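For reference, the structure discussed in these notes is given below.
Letters are used for the chains, namely A, B, C and D, taken in the order the chains are written, and counting of residues starts over at 1 for each.
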Amino acid sequence: MPELRSIDAIRDALRSELARDPRVVLLGEDITVGGPFGATKGLVDEFGEARVRNTPISEAAVMGLAVGAAATGMRPVVEVMFMDFITLAMDQLVNHAAKLRYMTGGQLRVPLTIRVQGGAAASFGAHHSQSLEAWLTHVPGLKVVAPATPADARGLLIAAIRDDDPVIFIEHRALYWTRGPVPDGHDPVPIGRAKIVRRGADVTVISYSRMVGIALEAATRLADEGLDVEVIDLRSLAPLDIDTLIDSARRTRRVVVAHEAVQHGGVGAEIAARIQAEAFGELDAPVLRVGAPFVPVPFSPELERRFVPDADDIAGAVRSTVRRPSAVPAG
Amino acid sequence: MWLIRAFEEKVSEMYARGAVRGLIHLGIGQEAVAVGACFALEPDDLVVGGHRSHGHALARGADPERLLAEIAGRASGYCGGKGGSMHIAATDVGFITATGVVGGNVALALGASLTAMSRGGGQVAAVFFGDGAAQTGVFHECLNLASLWRLPLVFVCENNGYAEFTPLSAHTVVAELSAHARTYAMPTRAVDGNDVLAVRDGVRAAAALAREGAGPSFVECITYRLRGHYEGDPAKYRELAELAEWKEKDPVRRYEAVLAERGALGGEDRARIERRARDRVETAASAALAAPFPGPADLMTDVLSRPAGA
Amino acid sequence: MREVAYAEALVDGLREILAKDERAFIMGGYFLGLTPRRTLMAKLRDDFPARVWYPPIAETGYVGTAIGAAMAGLRPIVDIATASFIFHAFPQVVNEAANIRYMTGGQTKVPVIFHFNQGIRGGGAAQHSHSPQAMLWNTPGLLIMAPSSPRDVQGLLRTAATCDDPVVFVDHVKLFEVTGPVSEDGTAIPFGQADVKRKGTDLTIIATSYSVQVALAAAESLAARGVSAEVVDPRTLVPFDGDTVLASVAKTGRAVVVDECHRRCGVGAEIAAVLAEEGFGYLRAPVRRVAALDVPIPFSRPLEEYVEPTAEKVVAAALEIAK
Amino acid sequence: MLPDLPREDLLGQLRTMLVIRRFEEALILLQRSYDVGHFHVYIGQETTGVPALALLEPGDVAFSTHRNHGHLLARGADPGRMMAEILGRETGYNQGKGGTLHIASAEHGFPATSASTGGNLPLATGAAFAFRELGSGRVSVALFGDGAVEEGAWHESANIAALRRLPVIFLCENNSLEALGQKANEYPSSTLATPDLTDAAKVFGIPAVAVDGTDPGAVHVAMTEAIRRARAGEGPTFIESRTVRWPGSRPLWPQLATGETELAMAWDRARIPDAHRAWYEVNDGVLRYVRDLLAAGHASAEGVSALDREVRERTDTAVRFGLDSPFPSPETAMRDVFAHE
């Protein structure tokens, strides 16, 4: 199986969809020179300036333009250089992209892909390191996906571009340069389906994006302590593949949810609330959540390291779900 | 123009009766802009409205019954009762959508014009917005982007001197809104927004430029709306004298006078046209109010392309 | 104790702040929306013409101006009117105000209050019915108050006015007509102190803002069916009085969480997750959430009612777990 | 031309320019031995920031962006604590929590620094709003690049500033001349349909002037007038300072494309190489400033060299101070979120 870096897998997906569908057009700041990380490098030479368009630094207008173009027949792919800058386009995302189909009673559809790059790495500070996916999963009408591997990065991006709804595709700069196997061909990976990346019987660890690798690291370490950990990669935060999660929770009866975003009000809260509501009485321990502390993202490498949860944090949570006496609920 | 005037007065009456609810914005007094502009556009051109867009939809040929049904929240409404007055869409007649966010609609129209341009068939887009939108940042971003990419788009600005409740002068030092367009090297033209022929000519010239690939242009229509900012507002924030002066500039009466002068409109023709408009609106209203509300089953549809997942 | 309508209590609270602190300044004056009560704000403006400013429709601009002014000596109270308009101001509220103290290592404070009217109000449809507090609650650096009664709105406003951090003031047009007592001696209600609005033994209903009134109505009809429901109002989301909430759930063993946010990743999700985690030992039934369904808010009345978290839904959820 | 100032002020401004130049060069050099992360440098714009910010009173405030090092140093911030902040150390102005993109120093009149394009414009307008309401006579300065004019935040801020005649100065440093990313296939991609940048302010009735950013005298005149208007309650002013982008700032990661500045090129043209000749001869404002000082007899080659040596020593100590400073202890990550913890 050939190997690709995530950043190259993403470019490969963009190239194959640009070639396949004339309605696809890329919009973003500096994308003709490849953007800050090189995801779109060279595409303008192959597909021309009409389909790979540099935009001014006007996130609100560019997002609105992309929504309008999608609603009238095109399939735009907008790049928002840093996830922090979706704040400038929130009105267009929340009030238009997510609602046009519904408000017009189905007359309009918005086949739009929004590529964002989020997460803390390399000390970019509070304005360039946030993970804001909880907001977006809270908005009905938006789909949110977050790949952890080059194969899923390509497959999910292809699926997102072919999807008839607005899809936010979350990349992570710490994953851009990791290599991984990718299958031949350019088949989409279905949106809305989680993947069990490590079978286990004792505790289920649910995660996505960069945290999947860190969860696997914790799992191998815990295996030496005789704890068989199942690791699930959500891949899609909205819609959420709740059946896979409930099924695993019922099997292991212990669950930890880990994500890099702030724990407070994060996607983990929704997952914990759903699992405990639907598998109440079938758990031997409360669902524990591992997320960033409730503080803005600090700059200093020492503080940033503490801000992002690591394998020890996950392993600690897993151990405490096992240690806790399985309190049988009274009554 | 009579159809729009009759329609808006019917909505106002239905609102007063409590037959319809929600936030409703009427464009009585601004019929000339809707009719004049839409008259100058082609059927397959793409039009985007604002939050005061009943007139724009009707001028594009939307069915008054399905429009009233939408305002009344009925299942037979254009949007199945889910959108309401501020979010009318009638894509079958090229009225892409309206939106309740001041200024937000202008960006959508940019997208429509990008689609039109990429199709290359000489299609153009047009967007209606008020002077309130001209204060928003996204509006200025749109002027820059449209001019930079030479998008085939006509900006139709209805300057009626008020943003929501406050006179324009309290919101900006820039009285003439087309000045903003000139900042971005965009051709502009000001027309009397109460003269339907002047609006038609202005928009037609602008659309012609766009069709030739010469990029966007800005048509500023100086108008005056006779009803309050939103239905239920007694419009007392205006001096009565100012109100009386503009009543005499009512676009419908002025156009009738022009036609009468040219001998194209006799006395009873005028009454017949008005009556036919009011009758058509009457039947539309009763049909709309008789239509059923949407049921819970309709609720979960149209959220995503497939039924809403977990 | 004087009985007062919520809207009057709110405007009196604003008047008290303007009178007491010359640095206080009101930007945007639609506090009471388009309801008949808005004349109260017009009166306030007549009383303090130089201290109430109606800005252009430019939320990034004027909310950012309020934040800048707060850093330079004023103590602005900025009204964003309908909550859906806050998305325009997200880059300023979330990226600037919430981060400034932290990013500057404590050098600069931002004493500003952001007010908006959230939730379903009848015909608002998808772009005028938002409840953005869940997103704001996910943002470190913002205090959040959500009063549900005349006394609470005045008491919490007094604390907010003396606070040196950005405060989000979650409000609701349906609260304006709620009448109730207000304290005479101008006491301030500290943040992070929940209030048990109604005692009960069989289950706990946790709610904020207008949902507290919904919860109280539900508790009323539950009592008629012999189910004793305790209603706990956290009054502030940040800081969140987890102890009082957990103490009540420990007593009753059952919990229903009510708020107008959309269900997925809403305010209820965080509260339910904390209850399930901390209260694992004494929960006798799964925590139930009653929230707006996960669809854009529809315009048509019957659809809107179907989506809205109503007292009936709270009663149904309570009965489901009270057995 | 030279600002109309006494000799010691002119030399004082030269010292500050050199402090900035040597600081940024040291930072770029440090990349070779230490993972500094991503940052932006102020090389080539010293002759704008120094004369302009020198005119402010201590009570005045300025709001900068991701390219802030030169601005803070121009108002007297300590290079050591600046370097410490860039390296994420406890002794940094922001205690390591802000980093290069957000360096702020309330004591030097930089309350907050935003790295979101245009994010600082409403903040600066708001500070001016407060000064006017409190009748304090103080002035607020927004420092931003040509890119920020593409943001809606610019228009909403300019409209409010003009509407309320606020004492704010919009100092736009247009460092994109001849480097329009679109064509030169490099950064930045300033894409503005406005034929002349000052039109973006004139449309609001805001007096706007464009000056050569490498001419400290012109900057001094424009800024003096803008401050006078602000303090007199005549409202906002827009100054566009035009500079050619320093070759080293064109690639994404800054590089010493023109080497460490050799001040001798100011008085000995033979030392100017062919590569980047236009930079050394015309576009480097610091070299031009030295030439003007020498021509006016305000300084000698030896004097300038001695000053430069002293600045370089100070810069080395600053770098060492940064590198030797301790990292903040992890639990401090939980502090400074709110006033009361």
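Convention: contacts are C-beta pairs under 8 Å (C-beta built on N, C-alpha and C of every residue); 3 or more make two chains touch, one makes a residue touch a chain.
This one's a predicted model, so the numbers in the text were calculated from it and none came from an experiment.
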| item | value |
| --- | --- |
| Touching both chain C and chain D (chains) | A, B |
| Winner on C-beta contact pairs when A-B is weighed against B-D | A-B |
| Inter-chain centre distance, chain A versus chain B - centres from mean C-alpha coordinates, in Å | 40 |
| Inter-chain centre distance, chain B versus chain D - centres from mean C-alpha coordinates, in Å | 47 |
| Separation of chain B from chain C, taking each centre as the mean of its C-alpha atoms, in whole Å | 36 |
| Computed distance of Cα centres, chain C from chain A, in Å | 30 |
| Residues of chain A whose C-beta touches two or more other chains | 55-56, 58, 60-61, 84-85, 87-88, 91, 95, 102-103, 125-127, 140-141, 238, 240, 294-296, 298-299 |
| Chain B: positions in contact with at least two other chains | 77, 79, 81-83, 87, 99-101, 135-138, 141, 144-145, 148, 171-172, 303, 308 |
| Residues of chain D engaged with two or more neighbouring chains | 92, 94, 96-98, 102, 114, 116, 119, 150-153, 155-156, 159, 163, 191-192, 337 |
| Topology of the chain contact graph, where touching chains are joined (line, ring, star, complete, other) | complete |
| Residue ranges of chain B in contact with chain C within the complex | 21-23, 73-75, 77, 79, 81-87, 99-103, 132-133, 135-138, 163-164, 166, 170-172, 230, 232-233, 293-296, 298-300, 303, 308 |
| Of all residues in chain C, those that touch chain B in their complex | 34, 54-58, 60-61, 84-85, 88, 122-128, 293-296, 298-303, 306-307 |
| List of chain C residues in touch with chain D within their complex | 23, 25, 53, 55-56, 58, 60-74, 91-92, 95-96, 100-109, 140-141, 143, 163-165 |
| Contact footprint of chain C on chain D as seen in their complex | 61, 63, 92-98, 102, 104-107, 111-114, 116, 119, 121-131, 133-134, 136, 138, 140, 152-153, 155-157, 159-160, 163-164, 335-339 |
| Chain D partner contacts - residues on chain B that touch it in the complex | 135-141, 143-145, 147-148, 171-174, 179-180, 182-186 |
